[in-house]
Each structure stands twice: as C-alpha cells, then as structure tokens.
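Each chain carries a letter (A, B, C and D) given by its place in the written order, and its residues are counted from 1.
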Amino acid sequence: MSATSSTILNLPDQRTATLPKRTYINNEDGLLSWLFTGDHKRIAILYLISITFFFFIGGAFAGLIRLELLTPQGDLMASDTYNKMFSMHGIIMVFLFLVPSVPATLGNFLMPIMLGAKDLAFPKINLLSWYLYWLGGIVVLGALVLGGVDTGWTFTTPLSTHYLNTHVVTAATGVFILGFSSIFTGLNFIVTIHRMRAPGMTWFRMPLFVWSHYAASILMVLGTPVLAITLTLVALERLVGIGVFDPTKGGDPLLFQHLFWFYSHPAVYIMILPGMGVISEVISTFSRKRVFGYTAVAFSSVAIALFGFFVWAHHMFIMGVSNYSALVFSLLTMLVAVPSAIKTFNWAFTMQKGSITFETPMLYAFGFLGLFTIGGMTGVFLGALGMDIHLTETYFIVAHFHFVMVGGMLMAFLAGIHFWWPKMTGRMYPESLSKLAAVTTFIGFNLTFLPQFILGYLGMPRRYHAYPPEFQVLNVLSTAGATVLGVGYMLPLLYLAWSLKYGAIAGNNPWQATGLEWQIQSPPITENFIEIPIVDHEAYDYEWLEHKTAQEVTTVG
Amino acid sequence: MSEYHDPSNVVNPEHADHHIVTPVTYGIVFATLLIFTGITVAAAFKNLGILNPVVALAIACTKGVIVILFFMHVKYQSKLVKLTVASGFFTFLVLITMTLSDYVSRAWGLW
Amino acid sequence: MDNTIVATHPHTHETAVAAEHEHVALPQHRHHFETPEQQREAGTFGMWLFLLTEIMFFGGLFFAYLLYRNWYNPAFVAASNQLSIPLGTANTAILISSGFFMALAVWAAEVRKKSLLVIFLVLTTLFGLAFLGIKYFEYKEKWDKNHIPGQNFDVREFVNPHAYGLKEEPLAPDMAQKTQVFFFLYFAMTGMHALHMIIGIVLLFWLMWRANRGEFSAGYVAPIENFGLYWHFVDIVWIFLFPLLYLINRHPVS
Amino acid sequence: MHISPVLWQFLVKWLNASALFPREASTIAPYADALYFFLLLITVVGLTFVGCLIFGFAIRYRKEKHPIAIQVEGSTLLEATWTIIPLALFLIVFVWGALLYFRIYNPPTNAMNIYIVGKQWMWKAEHPGGQHEINALHVPMGRPVQLTMISQDVFHSFSIPDFRVKREVIPGRYSTVWFNATTPGTYHIFCTQYCGTNHSAMIGEVTVLSPDDYEKWTQQSTSGTSLAQNGERLFASMGCNACHSGSAAARGPNLAGVYGSKLQLTNGSQVLVNDAYLRDSILNPSQHITAGYAPIMPTYQGQISEDGLIDLVEYIKSMQSNYRVQQTLTTSESNQAAPTTPGVVKP
C-alpha cells in the first residue's frame, strides 16, 4: 500500500476473497443452537440484537417526549401519559440499554479473545444473564403494557410507595431482575480477567478495553445488589406498608435516596467506563500509536471505579443531607473528575506524532472526546455545591447526563460497533454512508442538547409536561435536533443490516490493529484460537505487528 | 482439551494449592463457635452500658471471621480470594460510614 | 435469584466416570479451561464474587437496622425483648451444627468418601430444616400476638406491659408505634435469611441426589465446595442477626 | 467588582434581551452567576484546548503528512501537569461552590419568616400576619426573607430560578431557604422535583413589591387572624394548655420563651429549640422529653395538619413573655372565645 494514502484500510482482493468456511456463526445451525449456546460471541450477538430493540423503543419514547415539548402547552398527550413516557424512557434506556450496551455486546464478544481465552469463565452464566435480561425486559415492557409506570426511573419515595397507583412493583421487579443480569455479566468478566489470561498476558499487557471493563465489572458486582434490596424494600413498602421510607411511620425517605444512589451513581460509571475502553482502542488504532501513558489510563479507570463509590450523595445536595456531608461529598466529587480529565488528555496526546486516518470509528471517537469534555465539565458545575442549587433538577441536569451518556457512551458504542463490525461479521460497513451518519449524529446531538443547557440555567425544570412560553424557542431547537439525531441513529441500523450481505469482505485485520482479536480470522471460529497464543508483547505494539506482518510476507512469498 | 499447561496460572500469586482441612480442625472450630454463642448470650444479661452492643458485635465478628477462615477455607486460599473477601466488607463499610456521615452530622445543626 | 448458583458450578454432560487421579482429565472439565485446577479456582473465585453481592444485598438491610436502632432505641429494646432467647440460642447452635456438617461434607468429598458425604449432607439438611421449623414457631407466635407490621399491628403490650405480665418499662405511645419498624426489620432480615436457607435446602437435595450417584467422590468437588461457601455465608448472616435482633438489651434496667 | 455602571447596565440588558441567562433578581444571583461564568470560562478554555489538540494533531500528523508514527511511551511530566492543573481548578471550584452554598442556605438572623406548605400540586404560602396565598408569594424588596418549608405528601422542590435559590421540600421535616429580592416584578416559582401527575402544574409566581406596596398588600390581604392567633385557638382546642399551663405544678413544661432557648432533655442531651424541634416534639414527644417531666404526652401524629402545626409552632414562638402565658390561660378558660390579643408578628 502506498504511504500517502489517507486510509489504513487493508482489505483482501475482493475478487478472490471469501468468508472463512467455518466460523462461530455457521458452526451450528438452527435457532436452538443460538438459544442454548455457550459461545460468548453468539451471546454477544444475541445481546446486540436485544439492546438494539430496546434502544429503539426507548428512542421512540424520547421522540414522543420531544414532540410533546415542541409547544409550551401540554397538547399532544395528557400529563399522566407524558409522565409514563419519560419514566419508561429512563428505565429502558438506563437499565436495558446503557448498562448492558458495551459490556454485554462488545465486551462479551471481545473480552475472552483479547485475553487469549477460548470463552468467558462461566459460559452458562453468561447465557443465563442474557435470559435474565429478557425476563427483566419483558417484565418492564409488561408494566408498560398493563398501563405504564410514572415514577421516573429513580422510583423516588414516598411518591412511588404511597401516591401512585401505577405498576411500580412490576417495573421494580423488572429492574431487580435486570440487576442480576448485570451482576452476572460483571462477575463473569472479573473471573475471566483474573483466571483466564493466556500465557504471557500480564496485567500490564492487557488492552485498555479490558482494564475499563474490569473497573466497570467491580462496580456492577458491588453496587447492583444495593439497588436490588432498595427496590425490594420499595415493593414491600407498597404492598405491605412497612414504613422504612415513610416519614409518618418513623421512616426516613432520605434513606431511600442514599441506598438508591449508592448504586445509581456508580451505575453511571458502569455505563461510561466500557465506552472509554472502546475509545482507547479506536484512537490508538487510527493513530498507529500506543496509547499515551498506558498506565495512567489503566489506573484512572480503576480510580474512577474506586472513587465512584464515595460520591453518591452529590445527587442529594438540596435534599436535606447535612451540610457537613454535602461538603465531603462535593470534595470527593471534584476528585473523581480528575481521572476523567487525565484520560481525555491522554487520548488527545495519543494522536501526537501518530499517523492519523479518519475512518468512521475515529470520527465517532472525535465526537466522543468533544462531547465527553463538555459532559464532564458540566458535571463539575453540578458538583460545586452552590452552583448545584440552581442547576439541579433542571434541564441542565438532563443535558449534562445526556452529554455523558448519549454523547459519550452512545458515541463510543457506535465507534466500537463500526470498529469491530468486520471482526464480528467478516464484512465491512459502507464507509461514506457511515461517515455521513457519524456527522449527522454529532450535529443532531449538539442541536438537541446544547439548548437544554441554556434552558436549564434559565430554570426550566425537568420532567415538565407543559412549560412557560418563554422557553419555547430553545425547546423547538431541541426537538429539531432530536429529529436529526433520530436519522443519525436509523442510518447505521439500515446500512449495517445491508452490509451483512453486501459489505466488502474484511479479511482478518482490516485496520492493521495490534489486538489479539485482529490476529485471528473474522468472523472467528467458535474456539477463537486454533492454538492458545503466547503473548510476548505489550498492547498497542505496532512495531511487533509490523515485524509479524513482514515475517508472514516472507514466509508466504 | 489442550495439552498445554499454563504456567502463569500456577506460579502467579493468585494461585494457591488445594488444601484439605481435617475434621479435627472443623471440630475445634465448631466447639469454639458454640462457646462464643454461650458467651454472647451470657454477656447480654450483664449490664455493661455502652459496651453491650460492642461486645455482642465483637463476638459476632470473631465468629464470622472464624467461619470465613476455616469453614470457608479462606485461610488456605490465594491472596486473590482474601482480597476479594476484604473488598466486600470494605464496600459495606463505605456504605455504612459514608451514609452515617450524613445522619450523624445532621444533628450538628446548620452551622 | 439464588437458584442461579446452580449454574455457578460447571455442569456435567456425561455421567461421572471414576477418574483415578487429579492429573487425569475429569469428565466435568470444561474445554475452555486449560487445567482442572484453573477451572476449580475460577469456580471458587466466582462463588466468592457472588457472595460479595450477597454481602451488599444484606448490607442495605443492616444499614437500615443500624439507623433506626439509633433513632428509636427504646422501641427496639422493648420489641427485641419480645423475642425468645432460648429459641434464638437453640437456632444459633443448630445452624452452626448444620454448618459444621457441611464443612465435614466438603472434607468427605475431598477425601472421596461417598457414603460419608451423603450422610453429612443429610445431616446438614436436617439441621437446616430444624432451624426453619423453630423459625416457624417464632413467626407463629408473632402472628398470634399481632406483632406483624401492617394494619393489625398491636402496640398494647408495649404501651402497657404490666397488664401482660411483663417487667418492661412502658413506652410512650409514639415510641410504641416505632416497635413496628423493629418488627418489620426483624421479619425482613430473618425472612431474607430464611429464604436463602430454603433455596439452600433445595440445592442440598439436588446435591444429595448427585452425591449418591457418586459424582463428587472422584476428585470433582467444586459443586460441594461452592455450595459449602454459600451455606457458611448464610450461617454468618445469622451469626450477626442473632445478637443484633435478640440481644439488644436483656439485662434488667438499672 | 467595579465595572462602569453604564457598561454593566448595558451588559445586563443585553443578557436579559437575549434570554441566555435568567434575570438577576436577588442578592444571591450575582454571586451564583459569577461562579457560573467562571465555570463557563474553564469549560470553554478546556474545550478549546482539547479541540485545538485534536484538530492540531489531526492536521499535523495525518497520514498523508506523517506516514510513519513515532512511538511514545508517555510523559510523566505532561501527565502530572494535566493531573495537577485540573485538580487545582476543581478545588477552586469546590471552595467557591461551598462558599456560595453557605451563602444560599444560611439565612441572616434578621430574616422575616414565611411558611410554605407543598402538597400535590400546589404551593401554600402562610405569612405570620395571617395572609394565605396559593401558588403565589408576595415579598418585600430589599429585605431578607426566610422560607420555612414542609411537604404534606411527597418530595417537592421549591425553586425560584431568577433568585437562584432552590430547596427540596420534604415530608416530615422543615427545610429552609432564604433570599433578598432586589428588583420588583414577578418571577416564576417551580416545583422541580417530580411529584406526580400534575408536577408541571405546580408552579406559581413570586411578586416582589417595594416596601410601601408590600405594606399595602399586607393590609389588604390579611385574613384577619395571624398564624399565632390560629395557633392559640388550636392550642386551646387540642387541650395543650391542660398540661402546658405555665404554672409551676403543671405536668408539661412551660412554653413561654422556650423558643430559641437551650433545653436539657431527659436523655441528657441539650437541644436548641427551633421550628423543627417544636414540630417534632408535638409529633414524637417521647424523644424530646424535657428534663424533669414524665413521658406522658400523647402523639399528635396524623391529628394535626401541617398547616395546624405551623400555627402551633408560630404560636409557641410568639409566647415570649409571661403576659402571653396568662393570655393562654385566659383563652383556655373562655375556651373557644376569640383571642383578644393582637397577633404578634415576628418581624
């Protein structure tokens, strides 16, 4: 290939290339072979289909919400319906999409391969986790079908326990089950990382993708059970009237907040950390350079996981926690922002002196960097005690976490899907169309959520079905942006489906990346490796790759 | 089944040999636990003031640690398992102390 | 959720063939593990991680208990004194014995004594059932006295203990209402514990059946060991519940 | 901050007209905005910096221009720099934010008090002088106003964006917030904590009046009886005066002048008597027994509404002298007779 070409894409000759004969996809046939599979790659595909399904359901709710907010009056739907819409949007997006998105799809698919293992430690638990996901998903959908739930995804007591007659218990049961799905994924990852690494794969030779999943898994295992017990108590409070969260019986509603956020704050790190792992891989590959300060990036993941457990009460600054406590939690919140800053700069400097190309995953990664920086910095606004008073519970919050979750996580997810698509399916996605989708998503996203920052500072409260007319201009902008964003998300669905049949044959290593997953055939065989690799180089060692490629050429030639 | 024997899993610090605890050890542990149960009931009937819950919890912790170390074999397990157990209790303590930091300091007034 | 523990143990696909030695591949060995040793350690580690989630699960309840015990100490003392010390102590001893037999069962599996293993598993189960039986009578007594939190909760015994032949100090009416918080936590914590025991006993029957077929007396002991971890964890929870719920303040008020 | 007033006026007008920022209508608002602008500044600088890095590197090191990547391990110096600089900035933000927090949540001692009761889905404002408002609040300009708030049902949150104040309104506990309005006009009140079906209808308007107008308003809109007078009636009708009669032999402690004092309790602790204490000792008396008295007071949980509790608290607060105690007794003797004393309104 010529040194001056603007792409690193290296595809086999399309006239002669074919997909490998035996792959994990065609190893066994029939629906049952998929439903009872223990293969982590197949489970990843099952998850990918499932979360896409739920993403578009959640997205449909988002669309309806934005449509309602087009006009200041509540004219599209009744306020109860609207409340159910945003509750469902939140529950589906958080528990059924964001938490499992990268770990359960890309993580499941890649983790064993990256470590040089044949499978995750507990394949059956992995499958069980997918079934629990569906069970939870169906229960949540059941709550929707039966008439919906309007607590918001936070299940705030005493509203959820005493003042609503919607299907709170059903929804809580769904989330409870989903929690166990997430616990089993995390548990599997931790055991796999500890016990299943290939010979020579030391901790500091692992790709950063694995490190970030490790950090996220710790949070899943230790945080999620607290949510489970909290939701159990909410359900009991509703069914039996036990009074732990009921002030008239001597309970403390703030106890619910403490327990709920003890999980739900680390949960945002569960959501974003795997995305950060994807970004590390993508930026390194398209800069042809190892990640700047590998150790710092690895440890900052762990630091985020650790500090993540100490900051939950920043969701409760105005809720009547003691001032002393607020001080401590605010300070710790400032500390947890630092590792994220480190990561951002390390990613930027990874590009320094690299040899950069601009394929779709890289464009998504650029989008991630910009949006995550805004999302992260606005988090500092909210961590600052005095500022939080004005900003919390307004659209500023909404914009902030959508910047981190959608701008950060979803961008990373799409970057990862495009990046590993050739590995998962053996075929390339159409490049120009996907670049268009990346740009559309970026523009649409900013148009949707930047106005919400302004709305928030102006004071528009979140979860409002109707709002004072002076906020309309910005809301119209936001809704317009949401339309563009919707198109941006539909595009990949269409062209990725198209590419399954018509995409160019990708070959083993289209990106000439260094990861172990790129050294095997695509799509991989069921056992991943013909023989277990012996790892003798660090992650992102492009000189090793060059050497290896040169050798192969000589052998073949 | 690969014939290849993975050296990193045997020489690495996360590995420990399979140790079989004898019934004698179990018997001693069993007796100790019963004795501690007796002590904790007896101590509850003495008025030790603030020390009552402290003693009760101290005995419960001791019993718990004995069970974890011997019945659950953690004494003979790798550092990894020891660390795992410790991290569980650490996170539990984080939950308790950080939440209590709110409840305790609420009584200190509003500056 | 706990029945999923079953899946923690790598399943067998074929009936056990007696393997004479550790180094001979066991039929239960899963292809993606390099060595049986690696598989065993992965299983133990996974089980421990699962127990971590259990710690945090009970952790939420323990915190609620800690908080309300401090807030409503007199109510907690009075309500705690309603629980029966002899039954509680007996139950503690029974549960410890059950744990002891479980530990012996693990030993029996490790030294490959099939009949001993089955006997110890049966003993473990019997003591577990005895625990639940006593718990049933304790719950029944609370039911009869209307001490189950809810609409019919009765505070008379706490407002006017002397009329019921109790030597307790009477509680002020508002504080007496708070005994309901204690009883709720009592039922939630012991109930959650009992639920874990019931799941454990179901698993025990399954293990007994498999042990009787000789599956665990040929060097493959992971299910027994991992179940042992679970059973001991349930013990530990009770070891903390007993002093916290039964022994708050038993000495006469000075 | 010394900016030329003309320039400042212009800036404020421009900002108001473009509606990117809410109006600054309280003394707190400029402080909040200052921090906001500082944060905005570091965000923009940080974003520009990251953007420059990305675009700079992307152009400088794109493949056409820089075909062979040069491997770099990392740089401890650089990494330390971008650890320490953000850390320092965040710590500044923390201190600044904390100072702002105390400014917003520490009412000055001379603040006038207004009670707010939140319920699904309305705000009730109760002025000590007996003015009752729903989804509206009238306050004088240039005078610190403290709101003592409580919810009758679920969590609500009382927010006035133009004042930059907000606080959760919690069931079972008083929470407070204060402000000092600077510009006459009307401003939004929002409930910002999701509270059920008509959450978005739980809005109101705060009207800031000049001191004269406020005086006029108080005259016109009073219901005739102050909160303390209502409380006095309630005090008599609930039979509180049977025990809290103020005499030395009474079964309950003397309540005159108790507000603001330090009480010794039977459990040995010392408490400052404030609104929250008074409310809680009516509902959960046994936890607040004054030293020397028996725990015989029944609970009034579920028997008095939050409004009633506010009346009682306000009445007990106003019992500062022996004279008031005598009045209580007189009232109790004549029982339901209208109180003769003028409502004492705490300034």
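Structural remarks
To be clear about the criterion, contacts are C-beta pairs under 8 Å (C-beta built on N, C-alpha and C of every residue); 3 or more make two chains touch, one makes a residue touch a chain.
Since the structure is predicted, the reported quantities are computational estimates derived from the model, not experimental observations.
Using the mean of the Cα atoms as each chain's centre, the chain most removed from subunit B is D.
By number of C-beta pairs in contact, A-D leads when A-D and C-D are compared.
Centre-to-centre separation of subunit A and subunit C, using mean CA positions: 36 Å.
Note on chain placement: the centre of subunit C and the centre of subunit D lie 47 Å apart, centres being C-alpha means. Spacing of subunit B relative to subunit D, judged by their CA centroids, is 45 angstrom. Among the residues of subunit D, those in touch with two or more other chains are 102, 105, 284, 301. Of all residues in subunit C, those touching 2 or more other chains are 31, 34, 38, 41, 45, 49, 52, 55-56, 59-60, 63, 67, 177, listed in ascending order. Residues of subunit A in contact with at least two other chains: 194-195, 222, 226, 250, 254, 323, 532.
The touching residues of subunit A, counted against subunit C in their complex, run 112, 117-119, 121-125, 128, 180, 183-184, 187-188, 190-191, 194-196, 221-226, 228-230, 233, 236, 240-244, 249-252, 255, 259, 527, 532.
On the subunit C side of its complex with subunit B, the touching residues are 25, 29, 31, 34-35, 37-38, 40-41, 44-45, 48-49, 51-52, 55-56, 59-60, 62-63, 66-67, 70, 85, 89, 92-93, 96-97, 99-100, 102-104, 106-107, 110-111, 225, 228-229, 232-233, 235-236, 239-240, 242-244, 246-252, 254.
Of all residues in subunit D, those touching subunit A in their complex are 19-22, 31-32, 35-36, 39, 42-43, 46-47, 50-51, 53-54, 57-58, 61-64, 66-75, 78-79, 82-83, 86-87, 90-91, 93-94, 96-105, 120, 153-155, 157, 159, 161-162, 164-168, 170-173, 175, 188, 190-201, 203, 284, 301-302. Subunit D meets subunit C in the complex at residues 283-287, 295-299, 301. Interface of subunit A with subunit B (complex): residues 194-195, 197-202, 222, 226, 254, 258, 262, 309-310, 312-313, 321-325, 328-329, 531-532.
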